[in-house]
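Pasting the structures here.
What follows is a pair of complexes built around chain A, which joins chain B in one and chain C in the other.
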Partner chain A sequence: MIRIFQYECKRLLWNKFFFGILLILLFYGWQVLNGVTILGVSHTAPFSPWSFGDYLSRMIPLLWIGALFFLTFFTSQKAQRVTILTNATPVPIKQYTFARCAAAFAGTGLLCLACLIEAAVFYGQYFGWYRWGQLLFPALITFIPPLIFALGSGWLLGKYKSWLIYLWMLIPFLCMTLPLPNAFGIWNGSFFKEYPLSIETMDPSFTLPITVIIVQCILVILGIVLLVLDPRFLKKMAVK
Partner chain B sequence: MKRIRLFFPELKRLLKSRLTWLIVLLTVISPITGLILYKPATASTMLSMYLANPAIAGGVVGGVLFGVLTVYELDRSNRSRVNVLMDAVVSPLSMALIRLTALIASALITLALTILIWLSISWWRIGSVFSGVDYVLAYVLMMGLALPLSILAAAAFYQFTRRLDLSFVLFAAFAGLSLTVWAGNWQLCWLNPCVWALSDDFSNFRIFRSVTYMRLTWLVALSGIWSLSYLCIRRYGKDLFRSLIWNVRRICRPIIALLLVICSGIAYAAQPMVDHSNPDQTVMSFYEVPYAQDVVCTNRSAQVLPDTAAGTVSGKAAYQFQNTSGTEQTIAFGINPGYTVSSVQANGVNIPFTVSDYQEYNEAMLETSIPAEEQVELVIEYRGFPQEDYNMSALQGSAEISKTYVCLQNASLSPRLMNVLPDEGMYPTTIEITLPDSMMVIPFGSGKAEILAKNNDGTATWQYESNGTGGILYAGDYIRENIETDGMTIEFYYGRRHQDVMESAGAVDAVKSVVAYCTEHYGTLSFGSGDTLKLIQSRVSGGGYATDGASLLDEADFTASNLGDGSKGTVAGEVMIHELVHQWWGLGNMFDSSDDTNPWSAEGLTVYTTYRIVKELYGESYAQENYVKQWQQEVDDYYLNYYVRHPEALEMLPSDKQLEITGNLSYVRQYCEMPLKILKAQQLVGGEEAMDQILHDLFNRELDPAYPYLTYQEFLDACGLTEEDLNLD
Partner chain C sequence: MEINIRNVSMTYPNGKVALKNLKLNLKAPSLIGLLGPNGAGKSTLMKLLVAALMPTGGSVLVDGQPLAKTDRILKEKLGYLPQDFGLFDELTVSQFLDYMAALKGLRDPKAAIRKTIEEVNLEEKAKAKIRTLSGGQRQRVGIAQALLGNPSFLIFDEPTVGLDPEERIHFRNLFSRTAQDRMVLLSTHIIEDVQSVCDQIVVINHGKILFTGTPEQLIKSAVGHVGVFWEKDAFQEQGLHITARVNTSQGIRCRAVASKLPAYAKEEEPSLEDAYLYLISKEGA
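Entry: the complex of A and B
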């Protein structure tokens, strides 16, 4: 199992795509940090959890695309042509699926880590600020739910029809243009700009309203459920 | 020939694809997003709302769609695993070129369809101010050129990476940067040009030139990048570097690619649209140049020849100096950084001169030494394309020069004298300007322009007299209407295309009501030139200004869309109100303007009076919502700003970021904090009537000739208050 995971990690991470997207993310992230985050969000410091969260939410669309492209390694027509062979191996299909998803998650996690390190370097260089522990919770709550949901939903869609995964990549861009309810504010970046203003205290500490926590939890659960859901279920639904 | 032969089957194949037609269809309908979702042009003119926004949005959506189509099509043979066969039949280099041209051709077809389909819709929405030239230029430049740029970028990304996934991510990041971080930088926003307004009544060539320049710079840059990626097209199963080595064997290919990249770099760095004015707008070093000793200016004149087709200006300015110092003296002028000075002559002899690299407030400093003679005539010849201020680069369009509109301000009209005192307090000035005979020349000030001669080439030479070191001139296809009100004559100039809107809006009545309000509350105005005030409608500029005897009215004050805005009551035109009020409060002789950062300025009382007039005309709730609440919001934001609270953090930042953050410091304090303080004073002195009486007395006070300015202390004394009383909570 571990060897399969290691093999899949090598497939995903030791290739042009991973290094390419890493470079793109770092360039884009630096532009965001220098152009937007440096000004601070909603009267807070550039290194406040709010400004940091705003930076992260601006990175989500690219990370979302990256995560879904990782999945195309397993769901593309080319990959599906070798499914007959992999299914014939003694490894249970569910375990194999789990190893692959874990590899995709590890790849996405590394990309997220690169974004976080870049922000840490930026804060250190400009402000001599190194209290990174304060930013851990905003990073986890901002990155993990949408990316687990991206992997879960993308996995299911990709297994159902491989081209659907490409359409699914547009979702964060669509969210950015739509007036979403406040609970989905992390998805279009409005949460980090609007919520601290509504708290009406100076430099508010990082807190989340219950609706946002519920939405993020639902996303995590939904992502996991979609990961374990059999794609044949979707096909049956479509036939009905 | 083979490539041309293959182009048509490739185009035919492309046009047979259902995906292509889906993208064509989506692109054709995409301008609708500019009416609903994405509105980068914020001005309320009809052309901004119903032409600029749909065209820019169409460019963004169409560009993204064609980028996706490009990557998808380039990957087709690879995806279908026929690339080996394809490469055996046609060179992959030829095929890349054919595919690119076929995609660009399909984009052109899409653009043509979009222009045709949206013509009637735009005409219907824009109404009487619709212009075919603006329509075609807006769609071609703002939408059309986005498509080949996207195709070139996407194709280059694919040819470099030869991966669908990586190309998509690269393209998404490239488009995302243009739409977010680069959106305020007029040269970098390759997908969504920085267009904030289009004029309904006058021409828009200056902003179209700016967009064209940006697009062409990117077209050259992306052509260069595409050419580099062309060298990376995989050959004979080789990897990127081996293919590159193979492809560069024809030396012309890398040379063309590098030339294109270098040319785009030069075009970016040497752009002619915007100057390099100091971004720190608190620095006014040109006003601190020491005056030349024992030199006075007795007279000056200028002959100005705008080229309305090219948007350039050439001119000859002459200055009469009396130099009683007996030595050579250095004279300094402010000149538009876009102009080139061809010669400077003193008493008919060429003399050396320098133009500074340092620029400030849209001026460079021209310095020359006049000889030690008592009477010196200095003649400066200049020409060039007037540049706009770097600090306003996201709001370009004000330096419009065309057959229907010309605006030349101060150093753009003729070199502005910086360091010579006037003779007997006057700088007698004569300006001659030659323009198409359909244009009316309006000096911004008390001067009156008259036609000196009608020329055979369809132009007329106008002349007017004024007094000062600078000067502003408007010219265009104007209508003049004389308004008699409260013992004064207002010469109201507005664009001919705006006549219907002005009449429907009751603009004349609006002007009368503002003048009546101010006269009744503060007293009558007196002008140096026969009780005449000019009110000139400018091209949409987002604001206005005023001088002795003249105020500006922004075209956006009275638009067809404003007429339908019920919240504004029967009268629109808040910029007009503000600039008319400046005739009572402001204009240099009433407020000491030597310290630009002082919150007590002409703007505080003017904004307060504008609020009072708006309250009377539009009602209390409108005034409260659009004035008091906004002032309060701005002031709150200012004092809550992290860097205002922690100046030590500001000092850690690079200087350009510091300037960006502190840029609106004086704006908030003058335009928002001071009106709030005056409003608080109004409450403390007993209400509106009491405040009106105080302001009336201040306006009609006896002036001290040594220091005629109205100070904050005088205002406080008149109110019987102290500075602390007006501190805001």
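Entry: the complex of A and C
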């Protein structure tokens, strides 16, 4: 399976799309860092976990699109025609799916890493601030749950109908326009702007309310469940 | 290896009946030609044999075991070339074959890939990206992935489509060599391919088997039903299925198959194509 993972990484990462989205991501990230983050969010320092989290949540829509685009390499009609050959091999489907999704996850991980490195460069260059370890937890809690959910839901939808994945790319933009409850605030960035103000102390340390933690955990679990769910199950449900 | 198809029926969810009560016994070593018009049920039968579909009735036994329970064991022995397939355009030919070798669980993929690339005459394109290949070369990559790892059961659905005559002959010989110790099922519209290499023929139409036997037996069944005549002499063509019409200086010379040849037709030795067309036309009548 390592060979399959390597080949899938090569297919996903050594192409125009990956470099294109990487450039857009870096360009947009730099605009956010220089236009919003530099001022600090909710009266906190620009390098506080809150300002950093706000930057990350603004990057989620592009990362979401990136993750789903990686999946189109497996779910497009062109890719489905190769499935006729791969399905005739003795490889266990679950293992094969895992190797492919791991490649998509690695690709998404690289895009996330690019966002983090860009922020690190920004903080170092403008503020001489290098204590990146403090930002690890906000980065993990902001990026990992929605991106696992993106991969799980996108995989299932793409297997069901390949065009649904393109529609699914619009979800984060929809979330940005909706008045989501606080528990979902990481999705549209409202959490990082509003929650520190509600704590009523100057420059509060980074904490998460239990509802936010639960929502993020649900997203991870749901993402994994959707990933292992058989798309035939969804078809059967649709028929019923 | 033995495959036993027992009263297999297949009806698609849209209600289309593709196979009706099919009974067939296939034994290795043999090269079996599967013939039939478009929509006869050939591809459905092949999909059932690779466990890509499950029959709605009956069962398929592989070495006495039901395929539904042992599909992974069958797939370890299987090489499959479907009629319509895709390849990863971003990979080179050898990378794609290495990918397929990984899925097939081959222990020494490098040697197997080298051998297969030689067999399909793609040495010069081994390092070329698949997107740069012509239609015929892509078809050869498809054949290569099926041959990879010396599977004991090979299924080729229209393997020579898109190949030039020289390549077709090359692959016919390759299939024939391959079938010396294995079972090869070859579905094609090109009767010449079947006549040159197959030791058994299965003719299928409207989801039913019309004939199983050797090419000689099929030809024999059409003796007395193939004739030639001048078009100007033919006063009625009812019941005749004209298989060839050649313009000559003396007029148009026709070749036809019929249950009962008209008096103006001169009987001819049937070819395999005549015999096949006679069988299909008889069923249609």
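In the analysis below, the second predicted complex is superposed on the first by the 240 of 240 C-alpha atoms of A that agree within 3 Å, B and C clash if a C-alpha of one lies under 4 Å from a C-alpha of the other, contacts with A are read in each partner's own complex, and residues count from 1 in each chain.
We adopt the following convention: a residue touches a chain if its C-beta (ideal position, glycine included) is under 8 Å from a C-beta of that chain, and two chains touch if they have at least 3 such contacts.
The shown structure was predicted, so the numbers you read here are calculated from the model rather than taken from an experiment.
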item: Simultaneous placement of chain C and chain B on chain A, clash or fit; value: fit
item: Partner chain in contact with A:3 - chain B first, chain C second, else both or neither; value: second
item: Touched partner set for A:11, first chain B, second chain C, both or neither; value: second
item: Which of chain B and chain C A:43 touches, first, second, both or neither; value: first
item: Which of chain B and chain C A:115 touches, first, second, both or neither; value: neither
item: Which of chain B and chain C A:65 touches, first, second, both or neither; value: first
item: Partner chain in contact with A:127 - chain B first, chain C second, else both or neither; value: first
item: Contacts of A:96 with chain B and chain C, given as first, second, both or neither; value: second
item: Which partner, chain B or chain C, touches more chain A residues; value: B
item: Which of chain B and chain C A:157 touches, first, second, both or neither; value: neither
item: First, second, both or neither for A:87, with chain B first and chain C second; value: second
item: Nearest-approach distance, in Å, of chain C Cα atoms to those of chain B in the combined model; value: 10
item: Chain B and chain C contact sites that coincide on chain A, given as residue numbers; value: none
item: Contacting residues of chain A [partner chain C, same complex]; value: 1, 3-4, 7, 10-11, 14-15, 78-82, 84-92, 96
item: Residues of chain C touching chain A in the complex; value: 50, 52, 72-73, 75-76, 78, 80, 82, 84-88, 90-91, 95, 98-100, 102-105, 142, 145
item: Contacting residues of chain B [partner chain A, same complex]; value: 37-38, 161, 163, 165-166, 168-170, 172-173, 176-177, 180-182, 637, 640-643, 645-646, 649, 652-653, 657, 660-661
item: Touching residues (chain side chain A, partner chain B) in the complex; value: 16-17, 20-21, 24-25, 27-28, 31-32, 35-36, 38-40, 43-46, 58, 61-62, 65-66, 69, 72, 126-128, 166, 169, 177, 202-203
